[in-house]
Amino acid sequence: MGCELIKHHCGIIGVWGVPNAAELAFHGLYSLQHRGQEAAGIVSTDGNRFYRKLGMGTVTQIFSSPTVLGSLKGSGAIGHNRYSTTGASSEFNIQPLSAVLRDGPVAIGHNGNLVNTKRIRKRLQEDGAIFQSTTDSEIIIHLMARSKKEQVRDKLLEALDEIEGAFSLVLLSDHAMYAARDPHGWRPLCIGEKDGKYIFSSESCALDLLGYSYIRDVRPGELVLVDDEGLHSHQYADGSQTHHCVFELIYFSRPDSRFGGDYIDKFRRKMGKNLAEEYPDDADIVISVPDSSNTAALGYSQRSEARFEMGLIRNHYVGRTFIQPTQTMREMGVKLKFNPVGGVLKDRKVVVVEDSIVRGTTLRKLTDLIRQAGAKEVHVRVSSPPIKHPCYYGMDFPSREELIAHTRSVEEIRKTIGVDSLGYLSVEKLLDSVPHENGENYCTACFTGEYPIPVEQDEENGSKERYEDR
Amino acid sequence: MGCELIKHHCGIIGVWGVPNAAELAFHGLYSLQHRGQEAAGIVSTDGNRFYRKLGMGTVTQIFSSPTVLGSLKGSGAIGHNRYSTTGASSEFNIQPLSAVLRDGPVAIGHNGNLVNTKRIRKRLQEDGAIFQSTTDSEIIIHLMARSKKEQVRDKLLEALDEIEGAFSLVLLSDHAMYAARDPHGWRPLCIGEKDGKYIFSSESCALDLLGYSYIRDVRPGELVLVDDEGLHSHQYADGSQTHHCVFELIYFSRPDSRFGGDYIDKFRRKMGKNLAEEYPDDADIVISVPDSSNTAALGYSQRSEARFEMGLIRNHYVGRTFIQPTQTMREMGVKLKFNPVGGVLKDRKVVVVEDSIVRGTTLRKLTDLIRQAGAKEVHVRVSSPPIKHPCYYGMDFPSREELIAHTRSVEEIRKTIGVDSLGYLSVEKLLDSVPHENGENYCTACFTGEYPIPVEQDEENGSKERYEDR
Amino acid sequence: MGCELIKHHCGIIGVWGVPNAAELAFHGLYSLQHRGQEAAGIVSTDGNRFYRKLGMGTVTQIFSSPTVLGSLKGSGAIGHNRYSTTGASSEFNIQPLSAVLRDGPVAIGHNGNLVNTKRIRKRLQEDGAIFQSTTDSEIIIHLMARSKKEQVRDKLLEALDEIEGAFSLVLLSDHAMYAARDPHGWRPLCIGEKDGKYIFSSESCALDLLGYSYIRDVRPGELVLVDDEGLHSHQYADGSQTHHCVFELIYFSRPDSRFGGDYIDKFRRKMGKNLAEEYPDDADIVISVPDSSNTAALGYSQRSEARFEMGLIRNHYVGRTFIQPTQTMREMGVKLKFNPVGGVLKDRKVVVVEDSIVRGTTLRKLTDLIRQAGAKEVHVRVSSPPIKHPCYYGMDFPSREELIAHTRSVEEIRKTIGVDSLGYLSVEKLLDSVPHENGENYCTACFTGEYPIPVEQDEENGSKERYEDR
Amino acid sequence: MGCELIKHHCGIIGVWGVPNAAELAFHGLYSLQHRGQEAAGIVSTDGNRFYRKLGMGTVTQIFSSPTVLGSLKGSGAIGHNRYSTTGASSEFNIQPLSAVLRDGPVAIGHNGNLVNTKRIRKRLQEDGAIFQSTTDSEIIIHLMARSKKEQVRDKLLEALDEIEGAFSLVLLSDHAMYAARDPHGWRPLCIGEKDGKYIFSSESCALDLLGYSYIRDVRPGELVLVDDEGLHSHQYADGSQTHHCVFELIYFSRPDSRFGGDYIDKFRRKMGKNLAEEYPDDADIVISVPDSSNTAALGYSQRSEARFEMGLIRNHYVGRTFIQPTQTMREMGVKLKFNPVGGVLKDRKVVVVEDSIVRGTTLRKLTDLIRQAGAKEVHVRVSSPPIKHPCYYGMDFPSREELIAHTRSVEEIRKTIGVDSLGYLSVEKLLDSVPHENGENYCTACFTGEYPIPVEQDEENGSKERYEDR
């Protein structure tokens, strides 16, 4: 996947109790930029008003004016990064979403995908609700608005009771900040602390940047409230049967973020080692598809005779602007992103370690490039199992038909890609690479087709795309 | 008012049944630009999807990209121009407002001011509705969403039944376009026709530009539906007791727009003539405050011995950008907008015809300039009565205390402004200047304090301003 | 010309001896905006450094950022407005042009057109000069750079000695500001004073805005230097045989600017009166093509039986942005700019007063509109003679072939435009309308073909257009 | 230097003989983006006209409009990337610089630094030349403009004869494209070929992207002309005593670019190996400062007992926009760019391989971070010698006083940075790492102070900074 056009899902951040909360939220989003680069937003509050800034682009593009951050006043703030979508409704789906409820305003940012929204949306519309966006966040706000409870916390609990699927969310009210995680714990969300003040973040790398200590993850099925009194926890649902998204460990999360107590980096190295044991080679060198496969490739090389080398140079300038691709550009394709280093590859038997394969089309072009640069043999090793099934819990895979492994055997994939050998890490060895000490369990639905919770049939999705903003 | 910072209210347009409806809507908005220059938007539909573009600025600024108009597809479109506001929530209040109801999307654009929104809004919020904007349009959409009726037309009728105040609106659904006007007929809305196709517009000047014929005004209390079958009228309320905003005739509307069958220009000239009869002079020349007082000044000069002259040159470049005023600029004040023509004014007794006075501060500076340019005497004639009371039906007057005529006699105003004489047109002669053939009646609340319908007390308006967008 | 797409030439301003010179220059340019709306620039100096900001658009568009004016430091500043051009080299021709000479930097802004630049340019290029722009200003700077004189003043005098044609210019050095006008006095340039400080401006309307008193015009053939000691005059050439551009009085200059001691307004009114005497009518009403023909139309009506009326409403929002015209827009044509007032025109014999006719195509469309609005007869009266010849001294007329009067008789023009009668002011009566007290003489070359000084043949103008900026 | 704010010098590209030359130039600049990210420009020609687009920002920012590249017509184009500067004159220094000479226009892009410009500039100014920029390119254009030769080639040769210092340049005329390299060969410039068409590029990585074959470098002292007839070489000066900038091999050039026949990558690996031999360690792991030190670190680890690991994660989103740094941001400092991976570093003895140290302040903060992440010991190994002297040939080092090694011994530097040990590669071993087969010789002035050619004293640089653009 490191070589394909990547669509992460989202990153969220929440800050409470510091004078310049929006500035911290901005930097938090900055360190979570890899989780979504299409749009971002921050909502802050000083207890009286809410201040909001949303925009298309990376966080530095949106918040680059010197006065913008300063105008987001107050000691509470939440922020959201969104991944790249195509087509409909883009500007109106930027989060955090905010609305005025009966007792005051709230704002919400959300990472994941609910699986029972059609049912709820239909019920709400029949009851007279109107929708401005197609985000799951708006569903949650509508449910809260209809709650008869007095407290924001109780309204939120009522909404959490209704929704199903994958979600990690932060919510801001005048007087408190909330975080919640679904009972399966699909998407990450952790808590940081500094001088008795708390933040929430999708990944711990934001804590490092902001100088906060990692306390723990928000627990599956837990609602955490932070106000001027401190941190309050409420286990609103049984979270003992977790289904962490194993793809966060394979690819999504930064290697310098934690999972439980350890760094993601550790599990990726282990995947690489296990991969080398399952699919050894007699190659000269091991190279990675930078940067996402670096650690797995290092791990692989440590169990292999082949030497680790830097065989591909990545151009980090690609994809940062909305340039209209010309015909020439389309022909250049993968070369715009990667250039092989001839001196490293020439006359060598090369193992290429890639973290995952989705469509496979880009990998085919990349391995062609490597061969053109003089490699004698090209062997691909993938540090995760074949992706055969779509994800309904928030990972933006293409349709079933576009997944190269959906109907093909490994040998057929090898031929399609055109390499000398191909090995995928097995599901067993993948699960052997990730921690289980605390009863962690993982969602492997995209590999196995075993979906932890059922998903609504896609009988009518038309209404989602009735608007196009220009 | 011609010399004060002017805030018109809004302009609306609706187009149905032509291939490039959005392009016509754009040009319609262009000719209604005088009614609102802060923001604008267009929503179009091709029967399947809705396409939307909203933005801050004038319509040419928002729609200047060659691809924008082209991307607003379909043969139905509505558009909206908004006047300048300050402060809160500006971007989120741009119209047309659109939302997905149970049976499909609708979009609405609205001119006027409802007077019972607080009550309705509170009821809706208690029932779980959430609000994204502070516009009256959102109230109407919420009422429609909660209606149990099947048809868009019936939902709209149910909503119209609940709302009170001044409104002229256009509404777009997949399969039809609607226009409605409140039973008092406060704000204008007319119908144009060409080759069996119809458009709605705040003023008839848009019809002239688009090449449509003026058919008639939408009647007070009427709902008009246009679909592929043609035009259908429904009188949803008794509209026989009209209260047309007389200020539309004094100042808001363009002189080349129609009111009933005649041009606004005619009534303004008559106001000028009546003014000359009520307050004659022995001056040398009559000048207008361009451009809004031109016709009244011409009318005045036709009943006066004094010759009509161009004594003030207006700089039309002012106010078209959001330039930050510097100190020097503030000192220049009215000079940025008007320059007196020395040769015309020098040693003359001058009558200045102005259409109305709100605060009076700018007029004072302007008459000072005229005197500095050599005028021997300065006499002001106002082609409308003293504004003593705020407007609750959509005209953006300042608070009661800021109105120069609220507590002052005409003689006190004359002294405050510092001119040699001052005459206001009487309410009687104002009403004598405007048509009554068809039983037209007018709202003169800002002059007389007699409000046709009662207005909610302003007990809590806090929630309206809880958001600030950056 | 009031109804045609207008290309004025340029406006220039110079400020010396006040703390915020750039801010005054900005406001001066603002009041000269009618002379050029495509681009503008300001260069300021604090005696040590030069500060520069150039841009495309109107002055408020270019200088709207709150920090821009503040960063143009120092007590000396010059500014320049440029008219709309098409095609080549646009960004690189924005003035003021600045360059580092042997002894320090200078900046120059220029209005007019030199007639011997090809010869000079060729000589300079053969001598090794390189050109960045196609402006006359760059020629002057090159001549100054090559001067062996020590003083900026003497360098400038040497350059003035070489150049021929129409020019009014301001020049800024570290320690002084200069203004010069060609010996024929084609383009205007006046001097204002306040508290012993001086400014230069193309027209006196800028003095009014800035609160400076009009002292006098820079004399033809005069170089004026302003430094901290005051104002110094040097008559560098005989300026007794003036050829003021009479078109400045007919159309270019604002009516509230002065020419000599009187206001332009006065001469335009006189042109209207003379026109009515030369070409009387038996019409019902007289209307102007607003705003440029207003005063002439008023003057005409004062000598006519017909009543002055406002028969055309001008939309001032047109042409302020670089919107791509759509097909619909092109069809709308003149309607985007003018709307006839039906009530004024219907069943009337109408005299339309226009200041000048260039191509005539727009006037034809406009008179068609007037007729469609119900006018019984349409008579056109032009307050200047037929334009038969191109201008080489700075007025941006189209080529000879495009001038409607180049080969046509008045009767042929009348038929082409399609009106009931047509009358042009004669050259004699035009000259009778403008002052001669102080020996003023005028350039009427565009009417008569009598060019006061000869013009280079256009043997090679290719090099001027070798660059296109994107 | 990988961890310091980096200012590369420039990248240049030239394309001739293909229909969409500007598009290829754009992509070439894109692959040379690492050499300069502040500004860029392309000039193209179709034999008749020149087309030009310059701008601030990265190439995708400047050329992102779909119409821009299309408007740069013709089959010849040159392009230029510029590094980040501060302060004066930035917009006016964007290259390629273009000017109209006596016989037609030329455009030039240049990488390097001339050492005798003050003398030439002074002579030119005394002779009447005016300067628009402070670039060396303008000097060259002036020299060409003053040449009495007929041919562009001969004018250029005359100019090359006068200038001294480091330069690689491309020049475009109507009918040919030229490339030249100074006799010492400081800055790189290579030639690519495809189907008989040629391109020039600062580095060969652009050839790979565009699908051109690497032919050879432009030779020191060589002028190469490409026109429709093919490629013509002229050795205008003896180039046998080369002084290639060794820093191109240490840091500037991409590892996948060639130097002579081999890839830069190879020499960096060798530097790492030599470094491990000169300064061995008994550490647990070797990490690089990504990405510029990656290859050297790999090489080091291959000669060391310590294992290569990824201990620092680099955020590639930094520095791509002109965001105003806030106080919080300044405090975050190096953390915005690098995050240590705790699991990798904890309780380990760590060797950090860095390619070079300039000021040392950032490295100190980075090694502090590594220690805070749990590293037991931190040892720094630098794959180049101490930088003790400024560069006058185009590398943007700070002043002598700011260089940490200018007056300090290695032990003093170690203490200043605060690490357990510090080793620099010796000049001998550096030179041992780079090729000498073809008589290559290197400039090591920044390490040794031995400057191959003398440099003008900086007696007057005031005039360079007389302008500030806003």
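Read from first to last, the chains carry the letters A, B, C and D; within each, the first residue is number 1.
The criterion applied here is as follows: a residue touches a chain if its C-beta (ideal position, glycine included) is under 8 Å from a C-beta of that chain, and two chains touch if they have at least 3 such contacts.
Predicted, not measured: the structure shown is a model, and the values here were computed from it.
Novice: Chains in contact with chain A and with chain B: which ones?
Specialist: none
Novice: Using mean C-alpha positions as chain centres, tell me how far chain B is from chain C in Å, no decimals.
Specialist: The separation of the two C-alpha centroids amounts to 36 Å.
Novice: Can you work out the whole-Å distance between the CA centroids of chain B and chain D?
Specialist: Here chain B and chain D have centroids separated by 61 Å.
Novice: With centres defined as the mean C-alpha position, give me the chain C-chain D separation in Å.
Specialist: Going by mean C-alpha positions, chain C sits 49 Å from chain D.
Novice: Any chance you could list the residues of chain B touching two or more other chains?
Specialist: Nothing qualifies.
Novice: Dump the list of chain pairs that touch, please.
Specialist: The list of touching pairs comes to A-B, A-D, B-C, C-D.
Novice: Which residues, counting only chain C, touch chain D once they are in their complex?
Specialist: 49-53, 68, 71-72, 98-102, 104-105, 125-132, 141-142, 145-147, 463, 465-470
Novice: Provide the residue numbers of chain A that touch chain D in the complex, in ascending order.
Specialist: Checking each residue of chain A against chain D gives 20, 23-24, 27, 30-31, 33, 58, 60-61, 63-66, 69, 205, 208-209, 254-256, 258, 262-263, 265-266, 294-295, 298, 302, 307-310, 313, 315-317, 320-324, 326, 328-329, 332, 335-336, 339-344.
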